[in-house]
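Here chain A shows up in two complexes: once beside chain B, once beside chain C.
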Partner chain A sequence: MSLEITVTTENSNSKRVSIAGSLDSNTAQELQHSVDAEIGDTIATVIFDLKELDFLSSAGLRVIFKTRKMMDNNGGRFLLVNLQPQIKKVFEIIKALDGMNVFKNQEEMDNYLAAMQNKVIDGE
Partner chain B sequence: MNKPETSKTCIALKHKAADCRKLHDFLSKNIQTKNMPTEIQHDLRLVIEEIFSNIVNHADIASQDNEIKVELKHGTRSISITFTDTGKAFNPLCDHENCMHENDHSEGGMGVHLIKSLTDHQEYKRIRQQNVFTVTKHYNQ
Partner chain C sequence: MTRNKPFQSLATHLSLWIVSLGALIFIAILSTNYFLSRHLLENYVEQLAKKTVLSTVQRVDTVLHSISTSADSLAAIVTTPDISKKHIKQMTKAFVENNAEIFGMAVALEDGAASASDTVPSESFAPYYYKKNGSIAYADLASDLYNYKNRHWYSDTKKASTAIWSEPYIDDGGSNVHMVTYSTPIYFEDSRKFAGVTTADIKLSWLDDIIQKSKIGKSGFGFIVSKNDTIIAYPDKSLHMRPLHKANITEENWQKYLDSKNTTAAVYFYTTCRYQGGHCWVAIKTLKSSGWKIVIVLPEQELIADINALTLKISALAVAGLTLLFFVVVYITRTLTSPLGKLATVTRDIGAGKLDRALPEPVRNDEIGLLTSAFSTMRTALKQYIHDLQESTARHQKLESEIQIAKDIQMSMIPGAGNVSLRQNDFQLFALLRPARSVGGDFYYYQQSDGKLHFIIGDVSDKGVPAALFMAKTITLYTRALKEKLPPGEIFSMMNDILTENNDACMFVTTLCGVIDLKTGKTIMANAGHMNPIIKGTEHASEHTVPGATALGLMADIKYPDIEFTLNHNSTLFMYTDGISEAHDKNQAQYSDEKLIALINDLEPGNTSQAGDSIIKDVDTFADTAEQFDDITLLIIHYE
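Up next is the complex of A and B:
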C-alpha cells in the first residue's frame, strides 16, 4: 500500500500534513522529505491529520516523533488529529500519547486552537 | 482424540525493504480465509513488518544475497510465524540498542516493543548459522 501526503498552509505560520495510506518502512522517508521541505523555523504550528492513515509502523512513528521534537525545540506546537482506532492503539502500546496534543476530531482541535488564540489576545 | 487442525505455508524473500510488500500480500492471502478478527490481522501485519525490517536493517553484507524464509503455521485459534535468515547472530529480544526510550521516541526502539506487545510468545534460536525467530499469537474467532 502506498502513502499520500498533502501539505496545506492553514495560515501564514501553520501547516497541516494530511497522511493517507500506509506509513511504514517503505514510505517513512517520503514523509521525512516532505517535513524537511515544508516545515521551516518560521512555522509555529504543525498539524498531522491521520484521518486516512490505515497503517503505521515504528519507521513511521520515528518520523512523527522527530517532527514533534523539532517543533518542541523551535518553541512551536505539534498536534495530532483524527487517529483511527488501529493507529491510536499503536501510540498507546508505546505509551506515547501522554503529553501530546491529540484530538479526536477537527472540532475538538479547533476549540483548542481558539482557546490558545484567546489566551494570546488576553495577554496571558 | 482428534488432532488439532494445522496448516503451513512458506515464502522466501530477499534482503530488501521492498520485499516487505510481498510479505504483506503473503500474510493477507493466507489469513483472509481463516475467519480471523480484523484487529488481529492488523496486529499481525504490524508484527511482520517490524520483524522483517529488523532483519533487513541488521543484515551483514555477506548475508544480503541470501533469502529470508517466512513460514506461517495455523493452529485452531493461533498462528505462529517463523523468520529464518543467514545473517550474523542477532537476537532482537536481547538487543539493548533496541530498547525504547520512553522519554524520546524519536530515538527508536519501538519495533521490538510492538512485537512483544502484540504477540503472546516470542522465541529466538541460533541453529546451523541461522537466526530463527518465531512469534505466536492466539485469538478468538
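Up next is the complex of A and C:
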C-alpha cells in the first residue's frame, strides 16, 4: 500500500497535511520529507488530516510525534483531525492521546481554533 | 542468435549467393546463345546445301554438255559426204586430244554404211581413241572379239533412236577403266536410215574430281547416282558402280530419294543420317541431260560440334571466372568482416570479465568502425560500473558483517538469544524473538530471583538499526532498574524520563513489565502503551486489561500505575508484540487480536513450548509468502 500526502496552506501561518493510505515503516520517511520541506519556523499551526489514512504503524507514529514535538518547541500548535477507528485505536493502545489536540471532525476543530483565537483577542 | 544453426560466415554466405546468381545468369545467357546459334546454323546449313547442290549440278552439266556436244559434232562430221575413214579417225583423235574431260571417243558404223561413200569400206568400221599414259591410244573396236554391235552403248542407242548416257561400266575392250559413255545415233542424210553411233566417254574419276570439289567441311560430301540408281561418283571409290541402296542409307531416306525422281526441281530435306550420326541436310537435283542425280549431304554434327566446343570453352572460362569471383568476394567480405570476428572474440573475453582486453583498431571509418568505438565506450562504462559495483558490494558486505555483529550483540542482550523454552518446578517460560530484519526493536527479558520472576516485553517504534539502538538502551535501563529492585510502575517512570531526554528522533517504546511471586501467584504489572496480555486459565482465554500510561520516550514526568492481580495455578500469561497481531498476509489483511485469542483458547494447556510453536506456526501460515512485516516477539509464562 502506498502513501499519498497533500499539503495545503490554510492561511499564512497554518498548514494542513492530508495523509492517505498506509503510513508504515516503508512510507514514514516520505511524510518526514514532506514535513521537513513544507513546515518552517513561521508556521504556527499544523493540522494532520487522517481522514483517508487506513493503516498506521509505530514508524508512522514516530513521525507524528516528532512533528508535534517540533511544533511544541516552536511554540506552535499541532492538531490531529478525522481519525478513523482503527487509527484511533493505535493511538489509544500506546496511550499517546493524552495532551494531544485531537478532534473528531472539522467542526470540532474549527470551534477549538475559534476559541483559541478569542483567547488571544481577550489578551489571556 | 538462432540456436541449433551451424555457424556460416558472412563471407561464405555472400559468396555463395553472388556466385550462384552469377552462375544462373551465365547459364541463361549461354543456353540462349547456344540455341540461337543452333538455329542460325540450321538455317545456314540448309542454305549451304541448296547452294552446293546447284553449283555442283552446274559444274557437272557443263562437263556433260561439253562431252555430248563433242559426240554430236563428231556425228555430224561422220555424215558429211565424201568423208574418208582416215579423215574420220583424224577428227576423232583430235576431239579426244582437245577435250580434257573426254577420256575416249569412238565412231561405230553399221555394216554397209560405208556405201554412202567410196572411201568407207563395206565391212565393220569402229575406230576408238582414248587417253593412255599422257598420249592418245588407238583401238579398233571392229574386231570380232569385241563385237561392238552387241554392246549396250551401240544397241541401246540404235534401239532408242536418240542420244543416251550409259550406266557406268568397265570398258573391257578398249581401256579397262570405269566410265560412262554418251552415245548419239548417226543417220544417213538422204534416207534418214540408222548409220551407226558416235560415243564420248568420261572417266568416273573425272566426275569424282567434281564431287570432291563439292565437299564441305570435313564431313559434308556429295555424290552422283545414275538413272538406275547406280553410284557414278562417290568420295569413297569402292562404292563406284554399286547400287545406291547398298550405300547403307535408311529406309526413310531411300523413300525420299525415290520421291525426288518425280520432279526435276531440287529437293531438300532434313533427316537423320545413320552412319554420320545426328541430323543432315540433304539436297537432290536431277540433271536434265542425263537423268543423273546430284546428292549433297551436310551433316550438322560437325558444325554443332564447333558450337559445342565453343560452348564448352566459354563454360570452362565461366567456371574459372566464377571461381575467381567466389574467392574475390570471400576475400573482400573477409577483409570487411574480419574486424567483426576480432570484435566478437574480444567481446567474448570482455563478457568473461577480461575488461582490459584491447579492442581492435578500426581499419576504416565505416559501420564497423562505429561499432568498435561504441564497444569501446561500452567497455569503459562497464569497467566503471563494475568498479562501482565492486566498491558498493564491498561496502555492503562490510555493512552486512557489521550488522551481523550487531545482531549477535543484540541477541546477547536478551536471555536465550531470542529463543527460550524453560521448564521449572513452579513455572514454564517460552520466549521467541524474530526480527523482520537482521536487527530489530523488539525485546524481552526475564530474571528469576528471591522466589520472584521478573519479566518485560517491548517494541521500539519502527524497525532495523535505529530501533535496535533504542532497544539496547531500553533493555540496559531495565536491567539497571531490576538491580535497584524497583516495582514495575517506578521502573517505567525511571526509564521513561531517561528515554525522553534528548529524544529528538521521537523514538518510543511500548512495553509491558511485571513480577510474579512464584509462591503465591501475586502479580504486579505496569503498561507503557503496550497491548494487554491474554490470560488463559480454567476460563475462556481473554484479554487482561493492565491500565497504564503513554509509551516510553514521548513525554517526561509520567507516573505508571502498578496493577496487582493474582495469577491462578495452571494459568498462562501470553504477551506479544504487534508483529503477531498485525502480521500481514499477501492481501494486506491483518492477523488480529481476536484470531490470536481464539487460537490460545484452543491450545492444549500446560505446555508453553508447544503453545509458542503453535502460535508462530499459525502466524507464519497466515502470512504465507508475504514478507514478515514487523519484528515478532512472543513471551509465554505458565504458572504451575
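Here is the rule we go by: the second predicted complex is superposed on the first by the 124 of 124 C-alpha atoms of A that agree within 3 Å, B and C clash if a C-alpha of one lies under 4 Å from a C-alpha of the other, contacts with A are read in each partner's own complex, and residues count from 1 in each chain.
The rule we apply is simple: contacts are C-beta pairs under 8 Å (C-beta built on N, C-alpha and C of every residue); 3 or more make two chains touch, one makes a residue touch a chain.
If you're wondering where the values come from, they're calculated on a predicted model, not measured in any experiment.
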Chain B versus chain C on the shared chain A, clash or fit?
-> clash
Of the partners chain B and chain C, which touch A:Ala59 in the superposed model: first, second, both, neither?
-> both
Scan A:Ala96 for contacts with chain B and chain C and give back first, second, both or neither.
-> both
Touching partner for A:Met116 - first (chain B), second (chain C), both, neither = neither
Touching partner for A:Lys69 - first (chain B), second (chain C), both, neither | both
Have a look at where A:Asn26 lands relative to chain B and chain C in the superposition and call it first, second, both or neither.
-> first
Clash with chain B: which of chain C's stretches 327-335, 471-479 or 561-569?
-> 471-479
The intersection of the chain A residues contacting chain B with those contacting chain C is 1, 25, 57-59, 61-62, 65-66, 69, 93-96
Any idea which chain B residues touch chain A in the complex?
-> 17-18, 20-21, 24, 39, 42, 45-46, 49-50, 52-53, 56, 100, 102, 104-106, 108, 110-111, 113-114, 117-118
Inside the complex, what are the residues of chain C that reach chain A?
-> 459-464, 504-508, 510, 528-531, 548-551, 554-555, 578, 582, 588, 630
Spell out the part of chain A that touches chain C in their complex, as residue ranges.
-> 1, 25, 28, 57-59, 61-63, 65-66, 69, 93-96, 98-99
Parts of chain A lying in touch with chain B, wherever the complex brings them together | 1, 24-26, 55-59, 61-62, 65-66, 68-69, 86, 90, 93-96
